[in-house]
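Going by the order they are written in, the chains are A, B, C and D; count residues from 1 in each one.
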Amino acid sequence: MNVQTETIHLLLPHQSLTRYLAVRAHTLTLAAPLSEEDCAAQSMPDASPVKWHLAHTTWFFETFILERYEANFQPHHPAFRVLFNSYYNGVGDKHARAQRGLLTRPPFDEVLAYRRVVDARIQTLLSQTWSASQQAEINSLLELGLQHEQQHQELILTDVLHLFSRNPLKPAYAATPYAMADLPPALEWLSFDSGVVQVGHEGGGFCFDNEVPRHRQFVEAYALATRLVTNREYLAFVEAGGYEDPALWLSEGWDWVQTQQAAHPLYWQHDRGWHAFTLHGLRPLDLNAALTHVSYFEADAYARWSGARLPTEAEWEHAAQSSVELTQLLGTCWQWTSSSYAAYPGYQTAAGALGEYNGKFMSNQYVLRGSSCVTPVGHARISYRNFFPSSARWQFSGIRLAR
Amino acid sequence: MNVQTETIHLLLPHQSLTRYLAVRAHTLTLAAPLSEEDCAAQSMPDASPVKWHLAHTTWFFETFILERYEANFQPHHPAFRVLFNSYYNGVGDKHARAQRGLLTRPPFDEVLAYRRVVDARIQTLLSQTWSASQQAEINSLLELGLQHEQQHQELILTDVLHLFSRNPLKPAYAATPYAMADLPPALEWLSFDSGVVQVGHEGGGFCFDNEVPRHRQFVEAYALATRLVTNREYLAFVEAGGYEDPALWLSEGWDWVQTQQAAHPLYWQHDRGWHAFTLHGLRPLDLNAALTHVSYFEADAYARWSGARLPTEAEWEHAAQSSVELTQLLGTCWQWTSSSYAAYPGYQTAAGALGEYNGKFMSNQYVLRGSSCVTPVGHARISYRNFFPSSARWQFSGIRLAR
Amino acid sequence: MNVQTETIHLLLPHQSLTRYLAVRAHTLTLAAPLSEEDCAAQSMPDASPVKWHLAHTTWFFETFILERYEANFQPHHPAFRVLFNSYYNGVGDKHARAQRGLLTRPPFDEVLAYRRVVDARIQTLLSQTWSASQQAEINSLLELGLQHEQQHQELILTDVLHLFSRNPLKPAYAATPYAMADLPPALEWLSFDSGVVQVGHEGGGFCFDNEVPRHRQFVEAYALATRLVTNREYLAFVEAGGYEDPALWLSEGWDWVQTQQAAHPLYWQHDRGWHAFTLHGLRPLDLNAALTHVSYFEADAYARWSGARLPTEAEWEHAAQSSVELTQLLGTCWQWTSSSYAAYPGYQTAAGALGEYNGKFMSNQYVLRGSSCVTPVGHARISYRNFFPSSARWQFSGIRLAR
Amino acid sequence: MNVQTETIHLLLPHQSLTRYLAVRAHTLTLAAPLSEEDCAAQSMPDASPVKWHLAHTTWFFETFILERYEANFQPHHPAFRVLFNSYYNGVGDKHARAQRGLLTRPPFDEVLAYRRVVDARIQTLLSQTWSASQQAEINSLLELGLQHEQQHQELILTDVLHLFSRNPLKPAYAATPYAMADLPPALEWLSFDSGVVQVGHEGGGFCFDNEVPRHRQFVEAYALATRLVTNREYLAFVEAGGYEDPALWLSEGWDWVQTQQAAHPLYWQHDRGWHAFTLHGLRPLDLNAALTHVSYFEADAYARWSGARLPTEAEWEHAAQSSVELTQLLGTCWQWTSSSYAAYPGYQTAAGALGEYNGKFMSNQYVLRGSSCVTPVGHARISYRNFFPSSARWQFSGIRLAR
């Protein structure tokens, strides 16, 4: 990964190691409430088994750090290079994505052992003496691997939620009580003047390659909603027949509604009142809470119905940089923008397989900004660009309106 | 199930129980080499997870015996009625077949507990006093449930074989050594005269409803091969370009070859010599062993190539009844016949949901006769009618030629 | 084609030619009410454009007669060998079946010219002097070609009916008035004893290879309905909820009902009363007329609902040979039997590509007996074996009950 | 359509009529080389039969002008409202797009009559006296209908090209000789400074609603190729293994390559040298000519391989406005941009069904700029925004590089 800052480069090895061990441990904490069976299943091609996430994140450190820096590198297991490669053509063959749920072997315990072994080898590597440039590159790759693991921490939760939602027993992932949201403030509009704005990551700290170069964009005057759309507001759209009126939908969106027979957000169901399936199991729909688990098509249709529109990512980022009056920017849910995922002017991919991390996905996906309630602490940034196809809705994706 | 004999009806309760416990225990023995993960995965819609087999066979006893005979019957778990119903519309809703692999809950241990509880309730039931007709019906249903469980014992092994075959690690189910077959005797032809023959089950002992009524059929003079086709013989077909010549195939079969890009039996692979994936893992192809894992289309094409044909089920059964010169009738592999699976004259289905056991599958499937190396001991019969679609080949299915 | 009788072999050339010209002319008569556009369209992969039928039947004579017997044979057009080959792998490549509707070239007039040229060349061939064996084989092939053309005459009408049924303008093929059927007699049952019966073609006249050898079958005692099921009778099944009760259907049939959302025969529709789309356009449902356009699944379900079953083809043929009390055997509609399409004992296919005519389709299809209202006069026989997949219903297919 | 200029509003009726009749006549000229069969066939869901284009463009005038302005409006044929509605949900039901090829009725002649009748009714309408505002709106709608018809004029040619490409006879649409291209000048790069630029239509003359509002965008410094990529240049990419190297492709693009087994542009074929299928039939590949018929994925991969990139639409339009040094902007082929098709800031759709003309397609499509060799004379504009999905390549779509 080509974008690392001085701050990261100058980390002392023991600081890196402490962070490494903390992030790695958190992944296991997330898997702790799950059985081995839970960890092995794959509920759809877009989702992956938890065991696969545990192994793939480890494969990332093995492939991009150990293989480059360990003297006399030997792979932990020769088959793992293929089994746990997600999408890096530059690394070689990959196990078919839709068949990750068939990998009952290696067993769960062997994947945990794989994690322990790679952790120990990373620890050894970090204890060695490196030139300044080597140390900087190791630090960069280590941080990239940790950010990558944090992305998969979020996916572990969204994928388990999807798996459990398909189970008629409606199991709960979380044992903790479910807290209902407070009544949100009225939705207000915050206005911004037209002009040339700066977009993209700057300053210290990590970012992904798709967040730079920081560059100029011209935005016309606009206003942004100070908070997210709530379940109550979206329910009004549902009950007003929003899913039955083609005039509200993009042409593709209307096809999607009919093919999917979509009539409400992914995890809503109507059975003696509206309920939503959550990590806490099936719960009465929390009307005050922010709407989540809608597709781009639903977000776009709702915005049109309400006389507004979705923001562009430049509008979102400029507002987020400059205003403290906006709430729910981070930590509630990802927010669909109307911006197709594309390269910033001057974007450069890294050489080799790591160049496949972000760049090759820059077509037919839409950018989501912010972060969600399941994004790991410390992983979010204002300049962060998440992206999913317009039909995806198993992520915690919601709506902030613009006009 | 409508076909039970006096022998079964007169079993003493403790005899029934002994047999019940033995069959039930054997199922767990088959699952013993597998991890919980292995038991939860489903490799294709036709196959089921082992855990599902363990639960479904238990559901069968609960639904068709306990629910009818237990005073104040309460279901073990209300959701199980749907989750573990295979295809009985008369019982109500069913969990979607292709999504059995998503049922990470109930966990494996709960399914084992389900088995124990139902076993105990069956034991209690059998210890009670019943009228003669009640006792006879209970015995009949119990035997049907055990025969049903034995069918699933075979499926457990064929489904695990398929699951493991999809795993790049090529795991072995069986720890025991693999014994290579001895050189088989030369293939000879045993001739039978034309005439009216009797087909169908007769005499004491259990049979399924599709094996009766015993009835008359006229067969023209024919000859049957004294043994099964071997891997060596089939390899000659492969190497002679059998999969490339449309003249050898049924029209549907040729479409199947091209769609599947079929070039050899299901578990064969060519990589520095021919190998076959087996319950013992990947092994060099045993040329002397009987060919297995071919579809009806392959069986038909091989027969045509070799100047012979497949037998009808009447031919197979008549020969099996009357000759001791035929080998490998039972216990090696199922043998495709050219007979489409259909009702015998006068066939009657049972009333209620049990009438769905066999009859509703009587279209577009072909009958296989004999039994296989993974059929439970004591489960096979000369009159047994197994049936699968013409493209199925994950069973131990092979070829006996006729002419 | 291997089955020709002395009668055919001894035809004088001018008798052959007269018949040839009459059959060929009738095909054009059938196309006369259609526009060039009507003749070019293909409404589904199972159906073919009329223009294609006109060309393919011509290709048959060119390929199997002219190419064999003409001195210095030159193809009429080199591309036609591929374009108008239906399914004969032995002749070489074929144009993709589902894309016959894209062949706007050659234009309609060129296909008519192709017919004229081949007719003239056939006429020349027949005027030449041949040895007795050559003359016999030419006569055989000519008759096969004419029978083949008659099969396509029926398909022209069933395919046009399907095409027009998909057109919202509901055009009528036939200009003649539509005559409503008279009230049929009460359905009675004609009984037959058990015993060995003879099945298969015998005596003079043409038959297809799949109708021989005539052979013995044993049939148990049975009874056959003296007439076909009427629309009125089938409507009672529809209105009794026949399409909503899985207990009435084969498992595959129930899947078909749900996938197709089938709720009535193919061309019925309910819109201010029941109507049926016919070659005369959309008409009020003729309750007295024989039911047509049902699949095997529907025929089987109706039979089960009415407490009867479908006959086997041996039952049908034996009854048809021996009784004058049965009505509607020929000329009303094809009658589904419960017999899967399979080879008669001793069946031999012809050598070469003509061996593909019938034999390679002997899997997963069901035999229909009789003939229909659109079968050409003189084409039907008691021993005739028509066959279609169990889901097909664009033919004039109906039900005669047995028990 | 909401965007019309004063120029159009002030046209005298006879000027409007002259233009109307000229555009309408040109459509028939394009159909003249085709048979009725050619005009009825549909080669893929994206393409439409020529007859359907002839009728749909007429439907547009009938629905959006006659229905609004004619006193006592009566539809020409009640079924045509559904049959020839392309995608306007606001107008009501639509005939299924993929089944336009089944509409052998109404016959070709009736569609021509439909055109004549609507033309006459338009002529009558234009001869009447209207208020200034009515006259302005009629003129606007008339011009929109003519621009719409011109779009379909281009589609008639691209759709016929596709249809003929699927025909093994490889028919030629055009009787005129094919002129080989001259050697193009060397590719040079024209540079532009960074800054705020104006994008969108301005000034007199017609434009579509998606070309406005004219607005500001910031572009970084860039350079644009002075001419298009040639077949010779693209052939080098093909021969260098461009279609075999995943590193050159977007992830979706690589999936597309593998699924389509794409190895060259749509109409190229290699058979004793490279050829291309054209409106003049199959021709030796014209190496000097501009590359056409590539998808967005191919355009993107070629650009990456050549060390460049695709331009954004702002870059393309700004350059086109300000430079005379660029060649092949219009009239050669549409040029893929890296801009996802989206609304300009402040974009408003028209009220009613005409609002569906452009806006509802603003997702998952990419903008192409310029115009092609089959775009009608006078239809092209620098601000014109054509758009197609990233996999489409039956249009005349090519590549202009940027960096």
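In the analysis below, contacts are C-beta pairs under 8 Å (C-beta built on N, C-alpha and C of every residue); 3 or more make two chains touch, one makes a residue touch a chain.
Not measured: the values here are computed from a predicted model.
Peer 1: Residue numbers at the chain B-chain C interface: does the shared fraction exceed half, giving same, or fall under half, giving different?
Peer 2: Mostly the same residues.
Peer 1: So how far apart, in whole Å, are chain C and chain D when each is placed at the average of its C-alpha atoms?
Peer 2: 46
Peer 1: Measuring centre to centre with CA averages, how many angstrom lie between chain A and chain D?
Peer 2: 37
Peer 1: Distance from the CA centroid of chain B to that of chain D, rounded to the nearest Å?
Peer 2: A distance of 59 Å separates the two centres.
Peer 1: Can you list every residue of chain B that touches 2 or more other chains, as numbers and ranges?
Peer 2: Touching at least two other chains: none.
Peer 1: Assign the assembly's chain-to-chain touch graph to one of these shapes: line, ring, star, complete, other.
Peer 2: ring
Peer 1: Using the touch rule from the top, collect the residues of chain B that touch chain A in their complex.
Peer 2: The contact residues of chain B facing chain A are 35-41, 43, 51, 79, 82-83, 95, 99, 101-108, 163-164, 166-169, 171.
Peer 1: What part of chain C is in contact with chain B in the complex they form?
Peer 2: Going by the criterion above, the answer is residues 87, 89-90, 194, 196, 215-220, 222, 246-247, 249-254, 296-297, 300, 338-340, 342-343, 345-346, 355-356, 360-364, 390.
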